[in-house]
Amino acid sequence: MLSRVNPSTLIGVVAGLVMMILVLVFAAEEPAAFINLPGLAIVIGGTLAATFISYPLREVLRVSRLVGIVFRNERMYSRDDIDELVRMARLWSRGNIRNVEAELENTHNPFLRTGVQLVIDGSSQNEILDLLQWRIARLKAREHAEAQVFRTMASFAPAFGMIGTLVGLINMMFLLGDGDLVDIGQQMGVALLTTFYGILLANLVFKPIAVKLERRTEERVTLMNMVLEGITLMAERRNPVLIRETLKSFMAHYPDELREQSAVPVEGKDP
Amino acid sequence: MLSRVNPSTLIGVVAGLVMMILVLVFAAEEPAAFINLPGLAIVIGGTLAATFISYPLREVLRVSRLVGIVFRNERMYSRDDIDELVRMARLWSRGNIRNVEAELENTHNPFLRTGVQLVIDGSSQNEILDLLQWRIARLKAREHAEAQVFRTMASFAPAFGMIGTLVGLINMMFLLGDGDLVDIGQQMGVALLTTFYGILLANLVFKPIAVKLERRTEERVTLMNMVLEGITLMAERRNPVLIRETLKSFMAHYPDELREQSAVPVEGKDP
Amino acid sequence: MLSRVNPSTLIGVVAGLVMMILVLVFAAEEPAAFINLPGLAIVIGGTLAATFISYPLREVLRVSRLVGIVFRNERMYSRDDIDELVRMARLWSRGNIRNVEAELENTHNPFLRTGVQLVIDGSSQNEILDLLQWRIARLKAREHAEAQVFRTMASFAPAFGMIGTLVGLINMMFLLGDGDLVDIGQQMGVALLTTFYGILLANLVFKPIAVKLERRTEERVTLMNMVLEGITLMAERRNPVLIRETLKSFMAHYPDELREQSAVPVEGKDP
Amino acid sequence: MLSRVNPSTLIGVVAGLVMMILVLVFAAEEPAAFINLPGLAIVIGGTLAATFISYPLREVLRVSRLVGIVFRNERMYSRDDIDELVRMARLWSRGNIRNVEAELENTHNPFLRTGVQLVIDGSSQNEILDLLQWRIARLKAREHAEAQVFRTMASFAPAFGMIGTLVGLINMMFLLGDGDLVDIGQQMGVALLTTFYGILLANLVFKPIAVKLERRTEERVTLMNMVLEGITLMAERRNPVLIRETLKSFMAHYPDELREQSAVPVEGKDP
Amino acid sequence: MLSRVNPSTLIGVVAGLVMMILVLVFAAEEPAAFINLPGLAIVIGGTLAATFISYPLREVLRVSRLVGIVFRNERMYSRDDIDELVRMARLWSRGNIRNVEAELENTHNPFLRTGVQLVIDGSSQNEILDLLQWRIARLKAREHAEAQVFRTMASFAPAFGMIGTLVGLINMMFLLGDGDLVDIGQQMGVALLTTFYGILLANLVFKPIAVKLERRTEERVTLMNMVLEGITLMAERRNPVLIRETLKSFMAHYPDELREQSAVPVEGKDP
């Protein structure tokens, strides 16, 4: 239950840093030349400015907290959720509403809690489906929009990198008459730096974060659909054993769905 | 209810301006060289010309008014709308049609007003759904088309920037024989300026406006769907208390839908 | 009812021409150098060749007639159509089939005519829906395909522009040894011209036409859906007054659907 | 019924060839320089290698036969199909199953044949719909995948063109010290050739083929949907005259669906 | 049943290698110059780093095993599956549940096994459809996500290639003053190498793998839908002969669906 560091992100970040450091130390003539504050200011400042104009303030702030998620090792508690649901379905099938309510208070999954609450309140199956599907749709829409913020930033960063390079090149053009090749070369090196920053930021920061958030949303929606299925079965007052079996076979996955040597399914492990 | 300035847009615009000024003042040899009227004319003129050919006149004019929206701090009145709807549902459940009509005149949300009007006119539930869903679909289509205008402009601007650069480069090529490197450099600097203008306009103006309009439409459609749900419940003559509870749970959002420490939902705040 | 010139297209075309002329006259050293027939031949010839291979002959010919539409000021006759539909619904509700048929002959909208014909022939509501929706779907598919032709041309033009530039650059490379910078510069200027032509054609001609056709299709489909709704109501033998009211509220649009100062809707104006 | 050459493809190919020859003969200094076998080998070899890795062998082979389709003048036999269907519907309505079966053997359209076979075998309407819609879906999926092969090739060709150019440029860089501008120019000319080949192949061969196949699929699916409609009516034992009328009005198209001077529809011509 | 090498992949890989070797041996001045370890490290290291940040660890590991699939000659056992299904349907129609269970243990297709198990357990048809469609949807989602990993890598590789080139160019700029053209040329050659690596990796490795996985998923889903159809018929206790005929006609494909010379369908061959 402890929120460890995401091993994959750690490997990626360390590999990315090691690569950049090695490249700069071994290949670059003057590693210090790769740090240029005005250039960084154009790329980061421009990307942030465009992002602030694009999105409402509260959305930019909420999204900035999401960066942490990429570093956290998110667990999906599909097995715990199945256990809790089955436990409550059993109490419920025995008409033990008070115990279900006690159990509900210990439930950490608000989606599951809302669903069971609706069942024990005696809502019609249609109303339960309506509300829970609306909740899934809203989570999907909101998290998709959040990932989209990073996709947008990943498209702004190289554009402002190019804007910096153009500023540098235009400046350089006015030096061209002086004929000092050393100056021109250094100006042009600085000009290219901003494009370098922009592409690096987009491909090593913004795009990977966007992809990770999108994958996470897909997994969460799968889990919510499984819970929704379980709630539906519970509302139909099905046998708790059958609910467990059904949910398990929903989460089971086979190394290969279509042609297997061994016939034993791998049980749905919590990733 | 007062229409303040959108804080996010303000931060973005100020940050963008500060960045550009700093860059030009500190990094540029001749800041004045970054202002080139024929270059600006090519980029802005070309983008506008292509936009006028692409869209009907009334659409270009309507869209130009939308720029203001990006600067306004749009409020969603979801809580007010829920209150009004519940109030009218209560009057309606008491058979108090005259009072509902009086209430209707003070309603600021035309979508809500149309819905309640249909209910008290005794339209069938199908007709109500038909008309309201058509209205949602049209709003979605119209606002999507409006955001699309800015997306189109964001693709025209860099293209005309490049056209300007090509004109500059072609001119420069006919100077090449004169061998005057100062002239050639300045010509080329001017040529690159139009690409700079084009990319800047696209990424700091057109694309952010398009993104903001798209996000706004999503939020408005969510709100309209909530109102639609409430109207449906009212047409079914459901208990006003239940209507309020249902709409509230529709708008409630949890910091995390799937795993929470605290079990208290955050009530749907008006953004 | 007279088919005037589309004001928006006119403004766009004039603005585009003025811009290009000003640029060439004021900025270019030798305006004549911007006209290069072999270059134009590569871009236009190549784009047309690729378009002819991509599409059947009859489609290319039909599409070439569509260019005129962009210059015409298309009117949507939504109010006329509502009036005609309501007039025929009134005759029909009085059992006056002969008069409906007389009215039908003066109907300028074939879609409306087909629909009313089906109603007075006594087709089942399912059959009417089937045929009219198929007609809408086909119109959508055909007009989408037509706009797609221009989108395809907008992607071919810059590609053949670049092909021309590559041909020019390759030729130039074989001149490089002669060392005559004037020749080389002029060759390269000519080489860049074809890219200039390609981008200009794509962004000032093909893409705007595609966008305008797509917008037009959207409006036509909206109108057809309104007529379809009216025909359905007529087939249900609804009151003509109700049909008029329903269609009017379908076409009404509010400056803002969600928060208005004034409560008076703007009636659906014929654009 | 004779399979003539597609006039549009012919025009396109001839125009493309004439354009390329004129360009090379008139504009190029040394037309022979535009033929470079190693360069062609990189572009074509690389594109084919990537295509073979991307697709199963049987798919690459099947697709290579599709190139011929682009040159063939495909006819759609919508009127023949309507006639056959109506003829069989008439025999079927007279209970003349043996004659229907005799007629079936002369049917050239396997989709129509399967449908009629299912009807005279007395399959339920659900089963007929199921199987025919599955067939339409599979045809759509398969032909979409085939067009996709050419789209993929159209994206590989410029990439391998650029790979060739990079190889050439890298080679050239090691000649830079020798200072022989003639050699360097020629090397660079050769380097640019592969990009030229790649863009030309993509835009004059692969992309047009993909577009033509996609358009063809759309038309075929429209035709199959019409046949499906006819089969459904036949299974409902509708009047053959009504079937003919319905199918005709499905295929009829109006120059303009929404506003016509003349009221006479153009009958669905076989393209 | 033996897992041979995929002939298409083999041809592609051999062709790609032969092409690259020929190009380097014949065209390159110094083939050895095309191997640059720091450059390779930037491209491969950067791509892997970005991929690790983008995806969870277990997904990266699972996907790396998929590379083997591209080299394997995957067979679809559609005919075996039809035979097994029909055999079990026959036993089942004779009420011979024990024999069906014995047969089930020899079934190599877990999807088919699950379906038949549900049928003989007496699950309702709705439950069977629910679970099997969920399984198809999950397989589709998971395999789509896997192919997406390679698509993402195909977009990272050229980006890191360009990053390497920018590092090289920036380094070179600081050498510009030394004026040694040999050094500059070699530095620039090395700089271009990373772009070369990036584009080559993307177009000869990552993109083809992604395409092959996507095509494979489509075929697998088609097969699963066929099995699903068969299970549905079996649950309806249809005649085993009819099941075989239906499934066969589902898998049959005609060289051309719409116009054939010969009327004999080609039976669904196992690819």
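The first chain written gets the first letter, and so on, giving A, B, C, D and E; residue counts start at 1 in each chain.
To be clear about the criterion, a contact is a pair of C-beta atoms (placed from the backbone, for glycine too) under 8 Å apart; a residue touches a chain by one contact, two chains touch by 3 or more.
Everything quoted here is computed from the prediction, not taken from an experiment.
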item	value
Chains touching both subunit C and subunit E	D
Fitting subunit A to subunit B on CA atoms, where both chains share a sequence, rotation angle to nearest 5 degrees	70
Distance from subunit D to subunit A - Cα centre to Cα centre, in angstrom	40
Subunit E residues counted as touching two or more neighbouring chains	none
Chain order, ring traversed from subunit A with subunit E following	A, E, D, C, B
Residues of subunit D defined as touching subunit E within the complex	38, 41-42, 45-46, 48-60, 77, 105, 107-111, 113-114, 127, 131, 134-135, 138-139, 141-142, 145, 152, 155-156, 159-160, 162-164, 166-177, 179, 220, 223-224
Footprint of subunit C on subunit D - complex, ascending	6-9, 11-13, 15-16, 18-19, 22-24, 26-30, 33-34, 70, 181-182, 184-186, 188-189, 192-193, 195-196, 199-200, 202-204, 207-209, 211-212, 215, 218, 222, 246, 249-250, 253-254, 256-261, 263, 265, 271
